[in-house]
Amino acid sequence: MYQDEFEIRTTGRGAYDLSGRIQDLVAACAVESGLCHVFIRHTSASLMICENADPAVMRDLEAFMQRLVPDGDKLFTHTAEGPDDMPSHVRSVLTQTDLTVPVRDGRCALGTWQGIFLWEHRTAPHTRSILVTISDSRPDSPGGD
Amino acid sequence: MYQDEFEIRTTGRGAYDLSGRIQDLVAACAVESGLCHVFIRHTSASLMICENADPAVMRDLEAFMQRLVPDGDKLFTHTAEGPDDMPSHVRSVLTQTDLTVPVRDGRCALGTWQGIFLWEHRTAPHTRSILVTISDSRPDSPGGD
Amino acid sequence: MYQDEFEIRTTGRGAYDLSGRIQDLVAACAVESGLCHVFIRHTSASLMICENADPAVMRDLEAFMQRLVPDGDKLFTHTAEGPDDMPSHVRSVLTQTDLTVPVRDGRCALGTWQGIFLWEHRTAPHTRSILVTISDSRPDSPGGD
């Protein structure tokens, strides 16, 4: 099992594709088959697996979330950090804090249209910590062979 | 660790119970205790663990999702594949792309009323790939004993 | 890999912090690094990782869910167990039945503001079973050293 942490500096609300970075970590471990676990250590940004080809998908997801959990919603009392504070927690609870993706043939076995995204929910830039744990199905094999 | 992929041919929107198929895979591996990871390689169909006894639960879940994310919603611009295209991505993001279930006594330790379902969100039939990875807590035991 | 089950007696709808109990299980296993998987064996209570400092966050989450999936919603036909029956299934499907948290330095590597919560969705008290599976990244190490 391999464990590594990295940081992403976001520029505010939106989706950031982590797929390349995570595939690189899997390749660096030389794990042929197993599981790759991704964890975000925050409660106002989250993870998701989503369509990675058409940028309109993320724009539509943002529009959907802004309708469902509007910034400044009168319903919320936890507003110390601003109108996007509590909506960010709700969005995080409705999506994922951790994801596990199977590893096969030395890569995350994502479908053709799947990408792994960090979803920043705060409107201001933030530094986000991602902890990746990769399990090898054949830990005793030389070079993952 | 055992890894296997299978396909489900859906007949369109709705829930498909995978529990039997996944329990069979766990049994075939002779894993006594461990974890069973299930991954769907798509972004317009998802996974969920849900009540498995009363078919009205799934009808009500469908009705809820159709109210929350209606087909043809004017909010959406990603509509190339039709009015159910973007709603399928939203439904997938709000549910699960991967699930992990504990294995105990040689079976997925689901609660009495829990089933593992594929939720097809597209209205047309699709072929969906499911990748299952089963980890054995005692990999060196003869016959999982 | 270590597996343990415990029960939580809820007093009805609301969030119950499991973080201390789960950290204790990780400590008892003397696992230095690995993964901790948490599974709830029910379909009307769920798990979430959420902000653990300000009680207003949970009150706001409850208010949000009650607006999104109101008890007694006319949309629902699965009402045998009362007006909170079907809303509890919907809330469970929109949140998590299982979570995996990385273990590092002998503890769940939660962020500063992250707690692991059981979210009881039924209004009446219930007994809920939680199954925890902890994987050790170095299973052959003496004392996890």
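Labels A, B and C are assigned to the chains in the order they are written; within every chain, residues are numbered from 1.
In this text, contacts are C-beta pairs under 8 Å (C-beta built on N, C-alpha and C of every residue); 3 or more make two chains touch, one makes a residue touch a chain.
Only a predicted model underlies this, so the values are computations on that prediction, with no experimental measurement involved.
A.B. asks: Remove chain A in your head; which chains still hang together?
C.D. replies: one piece
A.B. asks: Is the contact between copies chain A and chain B built from the same residues on both sides or from different ones, judged by whether over half of the numbers are shared?
C.D. replies: Different: fewer than half of the residue numbers at the chain A-chain B interface appear in both copies.
A.B. asks: Could you state the distance in Å from the CA-based centre of chain A to that of chain B?
C.D. replies: The computed centroid separation for chain A versus chain B comes out at 20 Å.
A.B. asks: By the touch rule stated above, which residues of chain C touch at least two different other chains?
C.D. replies: Answer for chain C, listing residues that touch two or more other chains: 68, 94, 96, 100, 135.
A.B. asks: Which residues, counting only chain A, touch chain B once they are in their complex?
C.D. replies: 33-35, 48-51, 54, 56-57, 59-61, 63-64, 67-68, 94-96, 99-102, 104, 109-111, 113-114, 135, 137-138
A.B. asks: If you look only at chain B, which of its residues touch chain A in the complex?
C.D. replies: 1-3, 37, 39-44, 68-69, 75-78, 80, 86, 89-90, 92-94, 96-98, 100, 129, 131, 133, 135
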